[in-house]
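One chain, chain A, links the two complexes that follow: it is found with chain B in the first and with chain C in the second.
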Partner chain A sequence: MTPGLLGGIALAGALVLSLLGLALAVLAHTLRDGRYLEAARRTSLLSLVAAATSFGALEWAILTDDFSVAYVANHSASVNPLWVKLVTPWAALEGSILLWALLQTLYTWLVSLRVGRSLDFWRAPSALATLFLVQVFFFAVMVFVAHPFDRVPNPPAEGLGTNPLLQNHWMMAVHPVLMYLGFVGLSVPFAYAVAAMLARRYQSWIHETRWWTLVAWGFLTAAIFTGKWWSYEILGWGGYWAWDPVENASLIPWLLATAFLHTAQVQERKGLFKGWNFAFITLAFAATVFGTFLTRSGVIQSVHAFASGPVGAWFLAFLLGVLALGLGLLARVFGDIREAGEVRWKSREGALLAGALFFGTFAFVVVVGTLWPLVVELLSGAKVSVGAPFFNQVSAPLGVFMLLLMGIGPLLPWRQAREEVLKNLAAMLTALGVGMLIGLGLGLSLGVSLAIGLFAYNLTAVVLMVAQGVKERSRALGIPPSQALLDLAASHRRRFGSHIVHLGVALAALSIAFSQTYRYTEQKTLQIGEVWQTRGLEVRLLGLTAREEANRFAALAPIQVRATSRDGWGADGRYETRLNFYPQMSSPLATPVVRYTLYNDYYFVLMQFDQERGQWATLKIIVTPMVLWLWVAGALIVLGTVYILWPSGARLPNRQAVPSASD
Partner chain B sequence: MLRFWPVWVLLLGGLLFWGLQRPDPEVLGSVRVGRPAPTFSLPVLAPYRDRFGPELGVGETLEKPVFLNIWASWCIPCRTEAPLLESFYRRYQDQVLVLGVNVQDREEEALKFIAQYGLSFPSVYDARGRIGIEYGYTGVPETFIISKERKVLARHIGELSESKLQEYLQQVRP
Partner chain C sequence: MKPKYLLGLLVVGAALAYLIFGGLGQNLVYFITPSEYFQQAERYQNRPVRLGGLVKAGSLDYNPKTLELRFVVTDGVKEIPVRSSGATPPALFGENRGVVVEGRFQDGVFVSQNLLVKHSESYQAPKEGWTPEQVRKLIEEAE
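For the complex of A and B:
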């Protein structure tokens, strides 16, 4: 048995099992027979095993340098370090689809465990059928157009190697997996929505769907932040977000899922916004497919694009199918779910809807901006590109609006605003004003001062909310405030978790405002031993050396840095800037060295060096304030999500749970 | 809105399907290669006005071959390309004109970029995307190699390299 053979058989088996599961689930749905449902449930575990076997076979082939498998010959090399080999399955098209399909079977299996518990017999068959349908699509793509185990008739002695950009940083092991967990995770809410619309049961799906969406959302958030950090660490331009079409593709489902997480709370409590919820979930899942289509079809140029192949048309058909299924069902049931009451804007539900509409609008703008070049080319034949300036311009005002809403929304009571809200709002607006004035007083720009004010405003909002709850509880029960705080934090996870997430978002906004406004870049060619005085820093080029490594060749330029003023605070030290040369690439890959501090990040890049005599090197320095806080903010958001999701015996969503009194 | 969902889905599908049918710009040469370069004249960015006058572009007749480089300050590969083009220009400015066209950008950002990399070759500012329509570039950076006879000899999509620049230089040499 060779890895290629095992993988191919397992892959075909997974396709057959997915088809079988689909057929069984459809039978269970139409015949209303529990035996078919039970069989479909068991099939999901078998398809997971088949997919895992196939994935394991690919790892096996890569680890044993089996170059008779085309994927291994094209994307791996025997000299690659072990960790690079372990992550090579998702370094190219076919393998990444295999990982995707594997995670899909995992989610389907997890959902199958919910059958008979939270997933009732009216909805379970169609939910499973939807998930099996998605599985069928991915396995069919692999079996028919992008087979990961295609054979090479005359295997080469050595493979072509992995894309250097992907083996230059360990983040390759983390970011793509998180992204897929988030993308694939959104298929579950979609399946629940489809099932709810088919069964015409519009309320019971929402509680658990919110839970699943939060899981996927947490992974997506983590993926977006780790992606930012990765590009910051290796791309060498000192930025973390370039509004590249594929970055946008990860942002669109995130925005739509965020919108759903907000409106879903209203449906849980008040039964409102059913139509919005179905629409947001359908669009969020469709957006993940749209993103996949963009990366794998070559329709829009991007740094992330995989080599384009015939899979584009398949993904397009799948995208249209998902949209047609979700929107078609929604149009069918729309008469049933018309809102009974009117929404009062000055209430919690009003703020939540406004927030969701904001996220929806933002997503729409990003979609339009991403597709605009294509529209223009279709209509006029001209090639244009929509770049960062457009997106930055539209996202800044939207961001300010969001931060304002985020502070006040959770303070508003359900139904109707009360008097004390005005008092709270006054305190928050004071914080906003004071923050802005402090910023302006320090000579910071208007935008950054506004960001400081908005951070203070949101911080005040959270402190007020927590303090009021603690005060009431400690007075009512006669316990010390610290005890009351601990009690509340333990019993109101959703509420406290969302506070943490909101604080993280506000901190991220602050960090983005600072780092985008006050980035400082300088470049200079230095002779060995020469000292370069630049803003707050003294940089000495110590030498130039070369180093041979297994999969690459590196040129190293060690530097000694000393801070000469406050602008260079924390930069002192010896750093080794390097250029990596990979045999697969004509030009070298710079690996920046970053010195993180709580204040500035110091980013040193070796740009060029004297290749003939080793006398000089061109260095670039990028100093950006507050970037570290962006990663802290990302960690906070993910922590807050985990805090909400953390199982606490009593609150397991085993049943259609009673909405807790707190939120 | 929702009632017309098939229309929306079909519109999106049509657009993306059409996008799929387009020839890959990196595989097929531009329609412009081998044909006369479109003429244009655009405002010169401030740092170069003393030396090159208020407007610059591709005229009916050329003094030298032109390397027309389309860039933007927000574009990542342009940042690695800039020092390369600069050193190339310094060496060969008596033989070719490197002409930057700043597109889809804010002027102050463009000026910052120029100052940061100390670019001495001139750049013009194309606020309205005229170049985009005439030359049909697909993104930034992109470079059109134009002979002294105003013929487009090559089109380079993406970042240039030292060896590519040398190759193009050989092509435009008389």
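For the complex of A and C:
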């Protein structure tokens, strides 16, 4: 048996099993027969096994350099290092869809384990049916239009190699998997929502769905931050976010899932916003499909590219199907879930709704900006792109509004604001003002000073909330404040986790404001041995050498850097800037070296070198403040999410003993 | 709905529309080939443009002293001289290779601030006698 054959059979098997699972789940739903449900449950495990076999076969083909498989011939090479071979399955379209489908079967199986526990028999069949339907789509795409095991009639002796951008950094082993775990993870909340609407049980789904969404959201957040980091380390322009359609495709579902996480809290506690929750989660899942459609169909380069590949049409049809299913059901049940009362804006639920609406608006703006080139091309035939300035211009005011709301929202009590909120708000606004004044006093720009103020404002809010809870508890139980803090942190995971996440967001905003405002770029051609004095730095070009590596050829320009003033703090050291030449690429890849410090990042890029005599090299230096804190912020957000999700074991018995203002 | 809310909604909606559509109008970057430029040259003056084409063979000239990179972008029919100082590693340019440069026109020369790196896995050089449409397709696919 060859890997290609095994993979193909397993793939067809996975499609058949997904169809079978779908049929069984539909029967279980219509006949209300538990036996069909049990059979569907078992089918999910079989489809997971089939998908894993298929994926394993692809790995097998890549590891054994089986170039009779077209995917391996086109996207791998025998000289690739082992780790590159291991990650090659998601280096191109067909393999990515296979990974996606594999993770989908994994999530379906995990959901099948919940049947009979949190997933009652009214909702389980339709939830499983929805997930099987998604599986059918992905396996059908592979079997019919993007087969990962297509054969090459005359296998070449060597493959074409993996996309060098992926080979150039190990992050590519991690980032796509996190992204798919997040994207695919959003299918579960969608399935729960569909099941809830079909069963007309509008409350019981929300608790566990919030949990699933948080899992997917955590992966998505990690994926977005690792993607930023990859682009920073690899692309050589010193930035981390370019509002590229591929980046937007990951941001849109993240924003919508964030909106859902906020309104879901209200439904969990107060039973409100059912309609919003169904809408947000449908849109979030649809956005993952939309993103894949955008990036995989080529439609963003040109509307005319859409017709060239069949994958785009499949994804568009699937996207419309998801939207029709989710929103159609919502329209049907809308009469049932209409809310009687009115929501006060100056309350916790009001702030949560406002926050969710903000995220929804932001998502809408990103969608409009991403799709606008298509609209213009359809209307006038002109090819345009929407520049990053548009997105920056729109997201700045939205970001300020969000940061303001993020501070005050969690301090507001449910139902109606009380007097003491004003005292807290006054303290926070003072912090905002003081932060801004300090920034302006240091001669920083207005925007950056505002960012400092907003960070102080949010920090104050979290400190106030934690301090009030601790004070009440330590007074009521007569225990020391440190003990009270530990107790509260252990018993109010959601609360404390969200504090960590919110602080991470505020820190990210601060880092973005600094790094976008104060970037310093300079370049110069140096002869070997020449010393270059630039802002706070002394750079000496030590030499110029070439190196042959297994899968590439590198030109190296080692430099010695010394700090000469405070502006160059922490930059001392010897660095090796390089250009990597890959045989499958017509031009080299600039590979920057980055020196991270607590304040400035020093980013050195080899731009060009004397290819004839090896006498000179052109170097670029980019000094950006506070970029490191963006990665810290990302880590904080993910940590906060893990903190909320971490299984808590036995609940503390006195959880409800002390009514606390902070909860 | 109370008139108070309706008014608030209108204000928020108007602000949003202003933010979006005002911003879109100003930040639209046209993507053109040299031939398209000469059809409507005045339309593309003094605004950011993305110019796509191929680096003409023999036109690439990098001055390591001034860091200035000059080359000619062609689509097989028309040509435009490009001057680039800085942002992109000149090593990434190659003759007969598809490029997309972002910048502005100044006195008949395209001054580029930025090269949009187009790394294609399956790049092929254009053949003799290709039409601009074919060249454009090549460039788009290289994106």
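Simple rule for what comes next: the second predicted complex is superposed on the first by the 641 of 663 C-alpha atoms of A that agree within 3 Å, B and C clash if a C-alpha of one lies under 4 Å from a C-alpha of the other, contacts with A are read in each partner's own complex, and residues count from 1 in each chain.
As a convention for this text, contacts are C-beta pairs under 8 Å (C-beta built on N, C-alpha and C of every residue); 3 or more make two chains touch, one makes a residue touch a chain.
Fair warning: this is a prediction, and the values are worked out from it, not measured in the lab.
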| item | value |
| --- | --- |
| Superposition on chain A - do chain B and chain C clash or fit | clash |
| A:G387 touches, of chain B and chain C: first, second, both or neither? | both |
| Chain B versus chain C as contact partner of A:T618, first or second or both or neither | both |
| Partner chain(s) touched by A:P153 [first = chain B, second = chain C, both, neither] | neither |
| First, second, both or neither for A:G335, with chain B first and chain C second | neither |
| Chain B versus chain C as contact partner of A:G443, first or second or both or neither | neither |
| First (chain B), second (chain C), both or neither touched by A:G529 | neither |
| First (chain B), second (chain C), both or neither touched by A:Q608 | both |
| Chain B versus chain C as contact partner of A:L378, first or second or both or neither | first |
| Partner chain in contact with A:L320 - chain B first, chain C second, else both or neither | first |
| Touching both chain C and chain B, counted on chain A across the two superposed complexes | 235-237, 301, 382-387, 389-390, 523, 586-587, 590, 607-608, 618 |
| Touch list for chain A against partner chain C, complex | 160, 163-165, 235-237, 301-302, 305, 361, 365, 368-369, 372, 376, 382-387, 389-390, 393-394, 397, 523-525, 579, 584-590, 605-610, 616, 618, 620 |
| Residues on chain C engaged by chain A in the complex (per definition of touch) | 16, 19-20, 23-24, 26-32, 48, 50, 62, 64-65, 67, 86-94, 97, 117, 119-123, 140-141, 143 |
| Chain B to chain A touching residues, read off their complex | 2-3, 5-6, 8-9, 12-13, 15-20, 22, 24-25, 72, 74-76, 79-80, 83, 103-106, 109, 116-117, 129, 132-133, 136-140, 159, 161, 163 |
| Residues on chain A engaged by chain B in the complex (per definition of touch) | 235-237, 239, 242, 275, 279, 293, 297-301, 303, 308, 312-313, 316, 319-320, 323-324, 327-328, 330-331, 334, 371, 374-375, 377-378, 380-390, 521-523, 586-587, 590, 607-608, 618 |
